[in-house]
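For reference, the structures are reproduced in the following blocks.
Note that chain A is present in both complexes that follow, paired respectively with chain B and with chain C.
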Partner chain A sequence: MNKRKLQITNYGVLAFALALLLAGLFAGSAFAQDNTPTDDEVNVIAKQLYCPVCENTPLDVCPTEACRQWRELIRSQLAEGMTEDQIKQYFVDNYGARVLAEPPRTGLNWLVYLLPPAIILLGAFFLFRSFREWTKPKVEATGVGGERGETSSLKKDDYVARLEEELKKRK
Partner chain B sequence: MFAEFGYGVLLVSLIVAIYSGLAAVYGAMNKSAALVESARRAMLLTFPLISVAAAALIYLLINDHYEVAFVYEVTSRSMPTYLKVTAWWGGQAGSLVFWSWLLAVFTSAVTLRKWDRDIEFLPWVILVSAITLTFFLGMTVFFENPFTRFWLVNGNVEPSMFAPANATVFTPQDGQGLNPLLRHPGMVIHPPMLYLGFVSYVIPYAFAMAALITGRTDDRWIRITRRWSLWAWLFLSFGLVLGGRWAYDVLGWGGYWGWDPVEIAAFMPWLTGTAFLHSVMIQEKRGLLKQWNMILIILTYALVIFGTFLTRSGVLSSVHAFANSPIGPFFMGFVSLTFIVSVALVIWRWPQLQAETEMKSMLSREALFLLNNLLFMSILVVCFWGVIFPLISELFTGQKVTVGPPFYERATSPLFAALLFLMAVAPLSAWGHSTVQTLGKAIWKSAIAALAVTVALFFTYTQNIGALIGFFLIVLIVLVTFHEFWRGARARQKTQGENFFTALARLMGRNRRRYGGYIIHISMALMAIGILGIEIFQKQTQGTLAAGEKLEIAGYTVEYRELASWDNQGEGVNYTRAVVNVYEDGIYLGQLTPRIDYYYDSQQNMTIPGNRSTLRDDLYILLVDWQPVSSIGATFKIYVNPLVNWLWIGSLLFLVGVIFAAWPDNDPSEEHARRNITRDNRQPSAAD
Partner chain C sequence: MIETTPQKRGVPLWVQIVIWVFLVGLLALVGVILGKRQQGTVQPGDAIPDFTLPLFSGYEYEGKSEVKLSDFEGKLVVLNFWASWCKPCEQEAAELEEAWKFYEPGGEVIFLGVDYVDTEPEARAYLKKFGITFFNGPDMGTKISQLFRIRGVPETYFIDQNGALYYVKIGPFLSVDEIKSIIDQKLQ
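Let's turn to the complex of A and B:
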């Protein structure tokens, strides 16, 4: 793993050096300036990737040296003209799906997207059914229940009357 | 010597906790008041015992006893004394002792209350607390012992509690020091707050179990623990907010919440706790949802233990780390066992937990509270599954995946929006019965005003649909809630002949829970402003500047002036500080000094942003990198975080609201009167 990482990093540095060299050849021309990706352009992609070695740290904010080099790798890949998707794919191929902020939508991973809505819908369904059951008129089971269940309305006068009554009780 | 002493006391505490639980059960079964009293006193004894063990640990921490492995891991000579004390909860073993100590504090406090008619709960409350305490003490005594020392055996250093044969104590020169990120004041207070919240939820859970076991499944257990739940909720909420503030101040990624599994671990019990807080009111007012409230408090307890487990077992980094960690499987076993037993108890008592009355209307207050519960549970499902899925994936396919912010944001934002909507509508609905007409009549003025504000925002501030919906709901909540204050105070003003402010003060004083709740709703709306601001409108840029060069972002200009780097020998820190000038539309606003602190002992960085904070936005500048020799200068990352200050303002107001609602009443007769009202006739009440 370490060896592979090292190779990739070397490749990145090499590519970056190459890019710099190319840029140097065209120094002064507008062409070179336009082609050196800015930090912001790099971060747009880095933000969507997770550091392959630290836990739960997006690549754009990860402070480690390894991540700094990976950001430079992105920069050189951008300079080579690779698209956002190609760069992301490159990272997935080399470090696995964990570098993506979300699991790719394949195989078992579908569960992560489908299960929560399914459970929520199920919960909503049960709640709705219980409502239906509760709101169906039926005979009172207990004496207290009748008192408790007394209906109120939100008419303003009614509200004031109840408030007054309670205030009297509490005084 | 202090190490052996501390360990011995921990061991005794464990034995006392076990005795307490056994005596309580045996006493309850055989109706022996003397045994139950003995159990109670044993439980009381755990507090001074664990305090002494903790004092021994703190003594070792303060006095640089690096032969103790825990002291070596979390402190160093250069740390100030107060940080050496707070290092107590800065590492695994110490934090488990801290957990146990807090639990002993709370359990002692609860056993000291006046038990008259509730005395039959006592042994079972002691039992549940004792089981929990035994578990945590057992973890520290057998697996994560903070008193373990280093021993030199045949030239090798080994950690062990007791001296191996032919061994001498090995004392390193200096400790590794606390992770610098944990030295921030926010981090010093954040874990104790979270733990306070976690641990105090054990008490309502213990009462719930006591109610199930004794068969007294009316709402007595809820009434007794109402304040506990509120304080628990306060600590947990405030712990979460402090964590966010800490992240914003030192983690250096321009935000306060990253949907990190560790954050979510603390957020999940908050979700069920908040649902519980609302749904117990339905049981108190209407005698409904008894089964559901039991399930909620059981879930909260399970998630509290599960949250501690998630953050402590290493399971989040890898399933395999979990298997290798000594405490992981035990935690999992404990969570599963308590959960299964609790649910079995609920099923056993299911018939006694039937509702005493039924729902009348889908728009009644209780129905809307149920919707609120559905939403909280939905967010919980998303969070739980998001945290668990990577483990499942690794376990079954060997593939590691990340479930990050995009997943959570997409899934939870409509749910949060729906919660905001409920917060605006539910206070207007009545217990028992409401219709579209009554609700509409109560809300239309506020809704039109909120719409007017939203239209104004559309033309002046943003055309983002999500943001506009959010702002509409926020304004609606604030207006509706203020209108409720106004309406109640006016009504009282008329009947009592008081002036408006006296009427308002007395109205709020007479019904703390309701009006405290309203203050909390307003605070949530303010916090939502901050969250919308940073989620939708955050801007960022990054660039490497030579001295005198500038970066522009959102109307601000940041000009790099100079950079200095120096050592603070006494504290073992190297500071690198950049100075930048900040302009807005050409007008000079002042200087900011983002910096990086490098701690020699732990060899870690802390990134402190330079932040200019106003009600409109934060200009948040991070020093990312610098070139000490060349003239290229320094790399800065600059964020503009609109409205984020409202998040912190909202949190302060939140604190006020919860304390207002939870503060003990000093007039016992009033409390008595309220109990009578609610218990005797349970009239749907206007003021509750």
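Let's turn to the complex of A and C:
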């Protein structure tokens, strides 16, 4: 009787373990199917796009209804397996290139990339020239006083020599 | 006595010319862009260039999935810009549909809805919600709205039988009669 009871208990434990195993498997598969992209994943793309309605507002922080719809669209596109580039291209096709935070390197857009560094370089060049001019005329015009360094002392010597020569002639 | 030799170390003339030409060109470019932005919408009397509007499925015109403005030569075109996220658009949706139903049998007037920066599921839900049946499609790449230089939605443009704009309505219509009065002045 006891032996039979023990056998039943063993079957019970076995069935319970099997049920747990199956439950774990199903739970695991259900978890794997939940591939809804998170807000962070959506925002990685959204912050590279700008709302065309409310100007100068990145899509990831834009509070309007239109932007909320677009973020949901990005989420569904990510869930469908679209890549970041494909999603950005979709937005350009539908809403124009102005939605891109970084304008495409074509046509007049090149000005955005070339102009600021060119202006900075040009400014640096003129600043350099100006500094050089501010210092050089002082050295040349001051003549006797205030020179420093080898070049200025040579000029001074030359000047003193000419002055002495001139004085000698007058004597 | 002290001989100063002022050395002129100015920027070479050709560099100066290049810089000035560049600066003037840049200013002109900025001026043109700002001028275009300040221009406002197209004005009555302006001839409207041809454009293509892809249509949502279920909203095709004579079986065609896209239409051109030139397809409607000789007809009066009511071009309405809207969006599903636009609350004022909802105020005029029913009026536009009612006006369309009034003119549809005559065949002299065409209503075209241009869905501005919208997502298709929401746009379809909007069309369904307000029972809109006239031809509708998305403004792909915002090309049409840029052509008309719209400032927002809703905006409605009335194009006469010769393809010239004759009336612009900024904001929602207040009644069906308002729409009818604008259309009728060109039908009579």
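Please note the rule applied: the second predicted complex is superposed on the first by the 103 of 171 C-alpha atoms of A that agree within 3 Å, B and C clash if a C-alpha of one lies under 4 Å from a C-alpha of the other, contacts with A are read in each partner's own complex, and residues count from 1 in each chain.
By our rule, a residue touches a chain if its C-beta (ideal position, glycine included) is under 8 Å from a C-beta of that chain, and two chains touch if they have at least 3 such contacts.
Because the structure is predicted, anything quoted here is derived from the model rather than measured.
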For this session: Identify which of chain B and chain C touches the larger number of residues of chain A.
Result: B
Exercise. Between chain B (first) and chain C (second), which does A:53 come into contact with in this model arrangement: first, second, both, or neither?
Worked result: second
For this session: Kindly classify A:120 by the partners it touches after superposition: chain B alone (first), chain C alone (second), both, or neither?
Result: first
Exercise. Can A:38 be said to touch chain B (first), chain C (second), both, or neither?
Worked result: first
For this session: For A:101, decide between first (touching chain B), second (touching chain C), both and neither.
Result: first
For this session: Name the contact category of A:129: first (chain B only), second (chain C only), both, or neither.
Result: second
For this session: Have a look at where A:93 lands relative to chain B and chain C in the superposition and call it first, second, both or neither.
Result: second
Problem set entry | Touched partner set for A:66, first chain B, second chain C, both or neither | second
Seminar exercise, completed: Interface residues of chain A shared by chain B and chain C, listed 96, 98, 108, 115, 140-141, 144
Problem set entry | chain B - residues contacting chain A, complex | 252-254, 258, 260-261, 286-287, 316-317, 354-362, 367, 370-371, 374, 377-378, 381-382, 385-386, 389-390, 392-393, 396-397, 399-407, 411, 428-434, 438-439, 441-442, 487-488, 491-492, 494-496, 510, 540-544, 605, 607, 624-625, 635, 637, 670, 673-674, 677, 681-687
Problem set entry | In the complex, chain C residues that touch chain A | 2-7, 9, 11, 19, 26, 29, 83-85, 117-119, 122, 138, 140-143, 146
Problem set entry | Parts of chain A lying in touch with chain B, wherever the complex brings them together | 38-40, 43, 50, 55-56, 58, 61, 63, 68, 96-104, 107-109, 111-112, 115-116, 119-120, 123-124, 127, 131, 134-135, 138, 140-142, 144-155, 159-160, 162-164, 166-167, 169-170
Seminar exercise, completed: Within the complex, chain C is touched by chain A residues 52-53, 64-66, 69-70, 72-73, 92-96, 98, 108, 115, 122, 126, 129, 132-133, 136-137, 140-141, 143-144
